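To keep things simple, chains are lettered A, B, C, D, E and F as they appear, and every chain counts its residues starting from 1.
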Amino acid sequence: MNWSNISEFFSMGGYGLYVWGSYGVTLICIVGEILLIKNRHRTLEKQYGLTHDINKKETTHETTS
Amino acid sequence: MLQGINLACVRGDRELFKDINFLLESGGLMQVRGPNGSGKTSLLRMLCGLSHPAAGDILWEDQNIRALDSDFFAAVTYIGHLSGTKDDLTVLENLQISSALAGMEISTEQANDALHYIGLKGREALPVKVLSQGQRRRVALARLLVCKTSLWILDEPLVALDVMAVKLVRGVLEEHLQQGGMVVMTTHQEIDISAASIMELQLA
Amino acid sequence: MLQGINLACVRGDRELFKDINFLLESGGLMQVRGPNGSGKTSLLRMLCGLSHPAAGDILWEDQNIRALDSDFFAAVTYIGHLSGTKDDLTVLENLQISSALAGMEISTEQANDALHYIGLKGREALPVKVLSQGQRRRVALARLLVCKTSLWILDEPLVALDVMAVKLVRGVLEEHLQQGGMVVMTTHQEIDISAASIMELQLA
Amino acid sequence: MLIWIIKRDLLLAVRRQSDVLTTLFFFIIVVSLFPLSVGPEMNLLRTMAPGIVWVAALLASMLSLGRMFSNDYIDGTLEQMLLSPQSLSLLVLGKALAHWLVTGIPLVLMAPVLGIQYDLPGDALAILTISLLLGTPVLSLIGAIGAALTLGLRGGGVLVSLLVLPLYIPILIFGAGAVEASMAGVGFDAHLSLIGAFLLVSLVFAPWAAASSLKVSLE
Amino acid sequence: MLIWIIKRDLLLAVRRQSDVLTTLFFFIIVVSLFPLSVGPEMNLLRTMAPGIVWVAALLASMLSLGRMFSNDYIDGTLEQMLLSPQSLSLLVLGKALAHWLVTGIPLVLMAPVLGIQYDLPGDALAILTISLLLGTPVLSLIGAIGAALTLGLRGGGVLVSLLVLPLYIPILIFGAGAVEASMAGVGFDAHLSLIGAFLLVSLVFAPWAAASSLKVSLE
Amino acid sequence: MAINWFKYSSPASFYSLAGKMIPFFTVIAIILLAAGLYVGFFVAPTDFQQGEAYRIIFIHVPAAWMSMFLYVVMAFWAGIGLAFNTRLSAMFASAIAPTGAMFTFIALWTGSLWGKPMWGTWWVWDARLTSELILLFLYIGFMSLQAAIDDPRRADKAGAIIALVGVVNIPIIYFSVQWWNTLHQGASVSVNQAPSMATTMLAGMLIMVFASWMYSIAVILKRTRIIILERESHTAWVAGLQKKGTVS
């Protein structure tokens, strides 16, 4: 274990700003991307005029291709 | 009252016409005729003050239009070969903005009414660039429905219009003339408009 | 022989037409009619391969024009709303260059003859930008006099032309048809052309 | 009228976007290409920075001048404006302001970010931004005169550069000078007030001059 | 066909002149403004010179890309060309060559003169000219792809810069690098041969890619 | 028995296949991410030179690698789409671009946050950094070009051309450290000659690389599904889904 307490963990040996700045922005990017995709999906749902969850039951339509 | 006195026009080394005289009174229609290149467009641009005659004078209510300047412009609507519509704006925006710039702000309802009347119902929100040739022309002509000017100068307004639209424009012109307006126009197509006084100006 | 099978056209979310069928044989004239925005221009652009139909096929001598590609282009002359003339080049240069690019080099005499015939005598050396609207249109149409293609596709060729020029164009078309050529055209003006077979295609 | 002109030009800019983006992107490109070709020494780059940013802003603004009137000229809108009963100077003022909003403001906002790439210190960044904020409207106003004079002429593009460039140079010198002065620790107020004076003068005279030029060009 | 295209484009350039002059003048302006804004120290300027000249050449070439097809597109000529029975790649090659003759060659001829302003030594001037001579046709060829792809699009101007710039940068780096290497007394052959390789590759692939793009754009 | 790949090259069957795969990849991504972060922060020791700042490596390197790799994959599919006129591969390419751009941005961002303490500056104009910036421009160019074109088929083709032309940039980024001598380090983390790097560091980094992989696959599949629905809304099979209430 590298860290004796939580504040040491957050200070990252004085480099906290840089390390957490990197990880934070990465997190924002990933969350942002997921939200954007969700949003795009929702727009699509609205367009189809139904509100069912797209993932709920889709087992049988391979045959339709 | 629009009057032309001894008008002449020179383009390059060519004299297109000279000694043109006319007097257009309230309720009057003047049709300018002549083959391609005889100077109709050149004459019309002079009449609305966009270019200056090589000789002669143009009077509006007995005053030279060069002296009147913007007082004259407030009384004229000119629709030329170029339609003055912006490809990227929608039909509605084009009409509203071009009217506003001509000093005549109109509400969205007024604009919509004019557009419906001229046959662009359902196209109000399309950008002009996707319209057909005839529909673009209609957007330009819709200005006539909302403007309150008395002198209309129209350079081949009927180009690209279908039969229905030609009829419609005829109606608009006749109403304007009945209300005491004046129209100067050119066209190679035949159209008979009833007016208090009709004049033909033959060039070349 | 040009054949259209079940052609359909979609613009934006609008279906302009569908199930259009026709067969145009040598010496035949097809007039496409319809109000503004009915899809005439869109159809013509499909026929010359500039855009693709949403459904259906276009056959030239029983082969799909997409497969023929440049073999088909060698047989077509298209003149659309846009005239494809360069404002800064002279009338003569415009004609010579546009013919050369269409795969048909012509001498200065040939070009001059064509220009005189179409009524541009004395204007050969003027840059196109100073010409009148009708004269510009004539420059574009002069291509018809020098090209050797069999299928002509003309989108409102008569726009802005005066009465004399309309007559002239009629003559040119009739001669082309007599020699076994084919013409597809649109126009809102009335013009009667005599041809071996005349077909009307009404849109909307 | 003024409002309508500005509104319309902004609407067009929003609709096309390209105008705003082209200018901004051009600015960014010019500023970013230099380090690539000059080499990565930070000291050299820092010395060059104010000059490069200002030259880039000037070029970006100048290149978009052509569009100020020419689109409206080509499609006949300008004719219609000329035929409108309102004052032409006001119209020109509106167009110049719209031009500034569309091309100038984005440059001003972007400049500090680009300055950081060149490792400029904080105050230098501030002065750079302020000098651009004062200077870019002058560029648009003077540019309007050039654009109006060269409307529809063969070789309009060159001509407009030739005409406005001599008038732009003082602003360039004082603008870049202000930043350099602040970096050198010398007073920069004189530079900035000179640019301010230019702004006032051009706000008064440029619309009028450009309006007269327009009338001449459209005759 | 190739001949006719080139002939026509050159004729148009002669008739309008503005195209040639705008590009050339822009090039001269960019190069000449820097001493004004950066300050007159000769050593600094000499170090910057190759970079500045190359950036200016790249920008000048890029700015004129928009015109390569768009004029012909707007007035319907491009449609006619597409309908012509000849190979489209050839047409594109012709247009790219004409573009180079009109915009590239004047830059190449002008560069030594501008280099002298920056007090570049003789061999550096020669290398500068050669690198531009090899590099500018690549700019035109790659540019043709970008111009064809963005034809008639909203925001074409920005897009074309965005698309071609990343592809231009290697040429910029090697071009300016060659001159800097020669000034530093290091070998510059590697740089020049790399540019030559770029030229050959783009001569083979760019017309074809641009022709496909044109077909896509005009569909 | 081998899977019949041709069957899955139609959007309809790919749609359902992708639907089944997404949860799988999501779960693996989360597990790997947790493991990688644990190793990175709690197992890997402090670097004797860089102190704790080096921990940025656990996102910087995966992001930098993914940014380049995804571009190549995108260009590959776009090229297949152009050559064989297959709809699905073009859609796949469009789905990859945003994720690739995101990783490029992360590589730039973390790199410059790492650069400040290590090199004393946020940004230097060195070849590696610059070419990564160019890569971002390439992604943005691809996406803006596609966004500017209304007709999806045309957008696919145009995008494919520019993506293929842009591939030349990838080797330039990769070899830039060798071609120009730059600030950016190349060798310190190299697998074959890395005694300077603790095995646990390397392990943490590699786990994070795999996590990024799985994440990318999950996100890209999801986006592909959405694009399929957007583009094929008029087809019979989507209507069928709709009736069953499986598509929205």
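We take it that a contact is a pair of C-beta atoms (placed from the backbone, for glycine too) under 8 Å apart; a residue touches a chain by one contact, two chains touch by 3 or more.
These numbers were taken from a predicted model, which means no experiment stands behind them.
Novice: Both chain B and chain C are touched by which chains?
Specialist: none
Novice: If we define chain centres by averaging CA atoms, which chain lands farthest from chain A? Would you check?
Specialist: Ranked by distance of C-alpha centres from chain A, the top chain is B.
Novice: Pick the pair with more C-beta contacts: A-F or B-D?
Specialist: A-F
Novice: Just give me the whole-number Å value for how far the CA centre of chain B lies from that of chain E.
Specialist: Roughly 46 Å, centre to centre.
Novice: At what distance in angstrom does the C-alpha mean of chain C lie from that of chain A?
Specialist: That pair's centroid distance is 57 Å.
Novice: Express in whole angstrom the distance between the two chain centres, defined as the mean CA positions of chain D and chain F.
Specialist: Distance between chain centres, rounded to whole Å: 39 Å.
Novice: Out of chain B, which residues touch more than one other chain, so two or more?
Specialist: 88
Novice: By the touch rule stated above, which residues of chain A touch at least two different other chains?
Specialist: none
Novice: Could you list which residues of chain E touch at least two other chains?
Specialist: Correct list: 16, 154-155, 158-159, 162, 165, 169, 173, 219.
Novice: Name the touching chain pairs, please: which are they?
Specialist: Taking the chains two at a time, the touching pairs are A-F, B-C, B-D, C-E, D-E, D-F, E-F.
Novice: Going by the contact rule set out above, which residues of chain F touch chain D in the complex?
Specialist: 121-126, 130, 133
Novice: Within the complex, which stretch of chain E touches chain D?
Specialist: Chain E residues touching chain D: 16-18, 21-22, 25-26, 29-30, 33-34, 36-39, 44, 47-48, 50-52, 54-55, 58-59, 63, 154-159, 161-162, 165, 169, 172-173, 175-176, 180.
Novice: Across the complex, what residues on chain B touch chain D?
Specialist: For chain B paired with chain D, touching residues are 48-52, 70-71, 73-74, 76, 78, 80, 82-89, 93, 97-98, 100-103, 105, 127.
Novice: Across the complex, what residues on chain E touch chain F?
Specialist: Those residues of chain E that touch chain F are 142, 145-146, 149-150, 153-155, 158-159, 162-163, 165-167, 169-170, 173, 209, 212-213, 216-217, 219.
Novice: Hey, which residues of chain A end up touching chain F in the complex?
Specialist: For this pair, the touching residues of chain A are 1-3, 9, 12-15, 18-19, 21-23, 25-26, 29-30, 33-34, 36-37, 40-41, 44-45, 47-48, 50-52, 54-58, 60-62, 64-65.
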